[in-house]
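Provided herewith is a single structure, encoded as structure tokens, for subsequent inquiry.
Labels A, B, C and D are assigned to the chains in the order they are written; within every chain, residues are numbered from 1.
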Amino acid sequence: MIYQGKQKIWSEYQKEIPTDHWFYVRSCIRQTFFPASEKMFLEILRNRLGKDVYETPSHTTCGGIAYHSEAIPQETVMTIIARQFALMTEAGYENYVCSCITSFGLYTEVMEDWREFPELEAKIRENLWKATKREFKTPKYLAHASDLVYKFRNEIAEQAKFRLVNRETGRPLRVVEHIGCHYAKMFPSKGVGGAEYPYVLAGMVESWGGEVVDYPERRHCCGFGFRQYLVKANRGYSLSNTHKKFESMEPFKPDMIITNCPGCPYFLDRWQYVIAEQTGKTYGENGYGIPVFTYEEVAGLVLGYDPWDLGLQTHQVAVEPLLDKMGVPYKPEDKYKGLNGKRLQRPEFPMNIKCC
Amino acid sequence: MKERILAAYDPFVLPFVFGMTFVLAYCLIALVKVLIQLNAADRRKFALSLITPTTIFKNIRDIFCDCLFHVKLWKRNKVLGYMHSSIAFGWFMIIVIGHIETILYIPERLHKMYYPIFFRYFMEEQNTTLQGSFFFFLMDFFLLVILSGIAIAIVKRFRSRIVGMRRTTKLTLTDRIGLYSLWAIFPLRWIAEGFTAGVAGGSFMTVPINWLLHNFMSKPENITVAWWLYSIALGTFLTVLPFTRYMHIPAEILLVPMRNAGLPVRHTRKGFSLAMLYSCPSCGVCIDACPMGVQKKNVKDATVYMVRNLKRRNRKRSLEIAEKCLMCGKCAALCQVQMDACGLRLAYRTSQERKQNRIPADFGYLNAVAPLPRTETEGKVLYYAGCMSSLTPVISRSVQQVLRHAGVEFELMDKDGSICCGRPLMLAGRQDEARALIEKNRKLIEESGARILLVSCAICYRIFKEHYDLIGVEVMHYTEYFNRLLQEGRLKVKNSHQTLVYHDPCDLGRGCGIYDAPRTALRAVGQLVPALKEREESICCGGSVGSLTLRYEDREPITRGALDNLTANNPEQIVTACPLCLKTFGRYATVPVADFAQILAENLDND
Amino acid sequence: MIDFGYGLTPSSTLKIEDVRLPAFGELLRREPDAAKCIACGSCAASCSAGVFTEMNLRRVILSLQRGREKETLPLLRHCMLCGKCQLVCPRGVNTRHLILSIGKVYQLEEDKR
Amino acid sequence: MSQNVVVIGGGPAGIEASRKLRDLGYTPILIEKEPVLGGHLARWDRLFPDGVDASTFLDPMIADLDGIKYFTDTEVASINRLKDTWVVKLSNGLSAQVRAILLTTGFDLFKAEKKEEYGYGIYERVITNADLEAWFKSGAAPQFDDVKVIGFVHCVGSRDEKAGNRQCSKVCCVTAVKQACEIKEKFPDATVYCFYMDLRMFGRKYEDLYLKAQKEYGIRFVRGRVSEVSEDLDGHLFVKAEDTLFGKPMKLKADLLVLMSGMTPAASTQQLARMVNIQTGDDGFFLPKSLIVSPFTSSREGIFFAGAATGPKTLPETLSEASAAALAIDHYLKTLQR
């Protein structure tokens, strides 16, 4: 691996990311499965970095899952998106940041479409007007939330309490970074570092002390693939894709996986359990899996937030081995405590993959 | 005439006695072996033929003509014919006369096998009578005949081109020993009889020698030395004979009646095949005959070497030779002992194919082939174009054109794809698989109600003729059928006066003996010029499916050689009657090549 | 083990570096023409057996080189050895001998297993 | 004093044309931006189809430059039309006033790093055709000694709209086959794969070379374009492609991957086109008056082309075009005088 070669490519794929005043939209999946991640994003930006990030409860789904599952036509999805933009316009913002990669890809696609076919945009404006009597401006800047964290990675590193370093050996942790397919594969120039060697997560890992693992199947999809997972008959195909990735990264002995997409952490995490239960195989050390995180969770850990406040107990694959490596303190007895120390039931543990 | 040596014995006869006893014993055992190896049916057939008067007559005639007079060789090459028959017949006569003399003068010694051979040593001429001089003369005459033959043989060995052979067989060590002892026998006999000619009598050959010897080497002990040497030469020759090509001398006597009994080749080296192997005189006619001989590297793939390797049980080489052969049959057609060279190779391929691994055939899909529409009209013609013809559409188109012109009612058998006739599989040694195709085709043909099966591919034609046993269906090659139509006046053509040369496809000519029908028909549409070698000596086009291993690039020189042969008399057009020949010649020919049917179709008289 | 109602599907990817081809080497020794194929498909197009079956010599040759002979060897059972493929092959491949040789080499492999 | 002609580009086309112009009685001024003459040819080891040493052609050409003024390390600063002449200013401060300019600017090799998915410049074991030639020419020991599987990727940057080059670079197919045979000689135990889209063996004896590669060298040809390359733990490569003839995706673990970089217009093409105000085609190469009857004549008076400046060409094509262009210039100048 020639590192300078990658740097050269990274230098060619840099995008302009404004430093402040963002209109933030959440992700359907993430606010359900990783609610602490989005909270952490706002926490870091607003409280740690003092940025202006605006949210509105009127925001809805972007329609991406329905669109990619061919459940709704393009015109419909475009009108939904136009409404989100209208919300931004009404709030007086022009920098649009979204939590979801599917949304990010879709916004990029729609904006490119409108740029190529202005008559389409005109039609959508008309649709939106008819439906909601709203008007919108397309965002001046579109960013994914990970772009912002990437932008402020060094500021975060300055405030870090922990680093992505094995406390015992002093060696950098080996991190698999997994980028959501719709982040840059469709429009390489819209992603930090391009599509082939994306830098958005790699930059964070580097800043926070870790080492990126470059394994052969790193480009491969996590396996979600919308219809592959959503239709049960295809679900084996979804699983097989994930399996392929794990088989490929296994020899590199990664300590953790960092992701920037709603589906990826979910599937990379849950499929490890399914693979273990079906084949008996686990990919981490000592019968554990490889812990999977969102970038906000990793940022939170680095900044010293309590792992259980970050929602890490909702992960299928146990995160404790990583916390031990990083030296992050945690109380095992608090893992399954709810708000205000309310004891929740202990979950049923799987047979083949160690969970703590 | 009276006995000179009263003991009727001298130790010098021992080498001959040993050799003779050995060779007789060997031949007897070999005979028994061959007969045992025949299967019961063949043995019965053979035995029956031996008591059938016509075959008895044929056997005697063939043995004399083939073994002693070498009639076939005479026809082909006078010098070689003389050489072989002088030695064979001369020697035979010397032996016969020796026996006659013994019977006449000392009949009580006839049981001693050496006596008639060394008669002159044991006898003393009584000058009172002249009764011996007739035999003296005969003996010397045949000795002279033999010596002249030997002289030619010596010349041939070192300068084969003088006697018209391009290549001769490379001899083995035992062959050489046999050859040199054979050469030595008669000069030594001449000297030995020359020594005794003074007492035992002699004629124009031996008396001058006697005179000469008495002037120079008059010591009586030299006499015994000369007879010893003569006996040793005979003994050596006879002892090595079973291991040399001279084994053909006794073997052919068995081969002739076996062949006349019509026995088939069933095995590579058992029974009839063994007799055939032993009968090969290694003359090397097959070397020059072989079309692969245009390349020097193929010379060792001629039949004579296959026979040699089969005899030595050299499986690897035998298989190589067997698989490489084009199966054109030219060597067999020219062979002096009518060696079934293709049969032996095919037997070898078959035995190897059965022994070796192979992918089992599955022709189940043929069950789905729909039967042909059945019509009961008398004389309906079913035309089978064959696989290759779909790559030479000019043939099937022309055939149909000619048939329509002649007003023949016909039906196409394979317009929706041919089921292969089976001959390529058979040539690959896959007899059982070929059988499956034959059965399917046979069923289709017989159930179609056809009376005539018309075939335009020589390869298919041969297998239809040999292996199909179609009941109530006459198989005709289009050359035959069109010639018949011409003779019957149903087909009218005009003569273009173009000069044509006709190429005999191997399977049609040598394979099925059809030489005249195409020529007669072609004379009606053009002017036929001869090729350098034609009919049974025609040269394979090189495209044959008979060869399994011959490479594409090694086929080219064969094709070019065959084309040179055809164009020797500058014809304007080459005509062939086989799609494979057409396609193969087409690659390199400078003279246009056409199919037989094409030429007829072009010259149809439409007025 | 739990049955989830779905499971891992085997990969269809040819892992070509895992393909060791000793049998193909033996085939090349017997019939060097096996290396000459340019996958033009004339053989398959003209095949007499191909009229009735899936027989496709081009695919057979390719599958041998990819170590997937099992998928195509059964096709050779339909071959009538008629030799049309040999006649049409632009590279002059001795297809009949190739087919016979494939049988000898690969059936041997099969028997060893 | 004989008339000057400026020849821009000191590759085989420029040198050959200069020699021909000199033989016709002109004084060519040959300009080369590199420190040495010879262009790509100077860096090439052996030539297809027979494997002749490139220097056997180039050395005698370079040795025969009497009567030609040539400047290496020199670029064209400006070209201006002055009445019926062209004033060419050079970066070394010199200038020339001529009636005819021959553009023999040739081609640039496609920058293989642009095909990011192949990882050139990122994976050590990914090299280009030019790197391979340089290694052959240097005669150095191989950089890697455990080379057992080698892949050649045809059409890198050729026939690829995404890479900005729709055209076929013409020479890469046969070059790949040549190099595959050569590398097989260096690593006799290695298995060599060529991943091609179409094999374009258009020239005389090229098909023979292809046959030889199959038969004698046992090169394995896979019809399918490489989609991506990645590295495993020990730096070996994973190459993904589809075997389109077999209809299955395939993966190859390779120890060395050679990218057949195609021909792209030389970097100076656009700049020169602007200076003399002539057209370039969609593909970025100079556009001659006619691609059939006058491929060496431009739409402007006194501007001529030869060689790969007007599109990918083989060496013999380039050399014969150079001669033809020299004759065309001679004819043009003589017509002007009359």
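Criterion: contacts are C-beta pairs under 8 Å (C-beta built on N, C-alpha and C of every residue); 3 or more make two chains touch, one makes a residue touch a chain.
Computed from a predicted structure; not experimentally measured.
Participant: Could you quickly compare A-D and A-C and let me know which has more C-beta contacts?
Facilitator: Higher contact count goes to A-D.
Participant: Taking the mean of each chain's Cα atoms, which chain ends up nearest the overall Cα mean?
Facilitator: C
Participant: Nearest whole angstrom, what separates the Cα centre of chain A from the Cα centre of chain B?
Facilitator: Their C-alpha centroids are separated by 88 Å.
Participant: Using mean C-alpha positions as chain centres, tell me how far chain A is from chain D in Å, no decimals.
Facilitator: 45
Participant: Which whole number of Å gives the spacing of the CA centres of chain A and chain C?
Facilitator: About 47 Å, centre to centre.
Participant: Report, in whole Å, the distance between the mean C-alpha point of chain B and the mean C-alpha point of chain C.
Facilitator: So the centroids are 41 Å from each other.
Participant: Residue numbers in chain C touching 2 or more other chains?
Facilitator: As it turns out, chain C has no residue touching two or more other chains.
Participant: Any two chains that touch count here, so list every such pair.
Facilitator: Result for touching pairs of chains: A-C, A-D, B-C, C-D.
Participant: What residues on chain C touch chain B, complex-wise?
Facilitator: 33, 46, 48-49, 51-53, 73-74, 76-84, 86-88, 92-94, 96-97, 100, 102-108, 111
Participant: Could you pull out which chain A residues touch chain C in their complex?
Facilitator: On the chain A side, the touching residues are 232-233, 235-237, 239-240, 243-244, 274-275, 277-280, 351.
Participant: Taking the touch rule as given, give the residues of chain C at its contact with chain A in the complex, in rising order.
Facilitator: Touching chain A: residues 1-2, 4-9, 11 of chain C.
Participant: Touching chain D in the complex: which residues of chain C?
Facilitator: For chain C paired with chain D, touching residues are 12-17, 28, 32, 35-36, 38-39, 58-59, 62-63, 65-66, 68, 91.
Participant: Within their complex, state which residues of chain D touch chain C.
Facilitator: Those in contact with chain C are residues 149, 193, 199, 210-211, 214-215, 218, 220, 222-223, 243, 245-246, 248-254.
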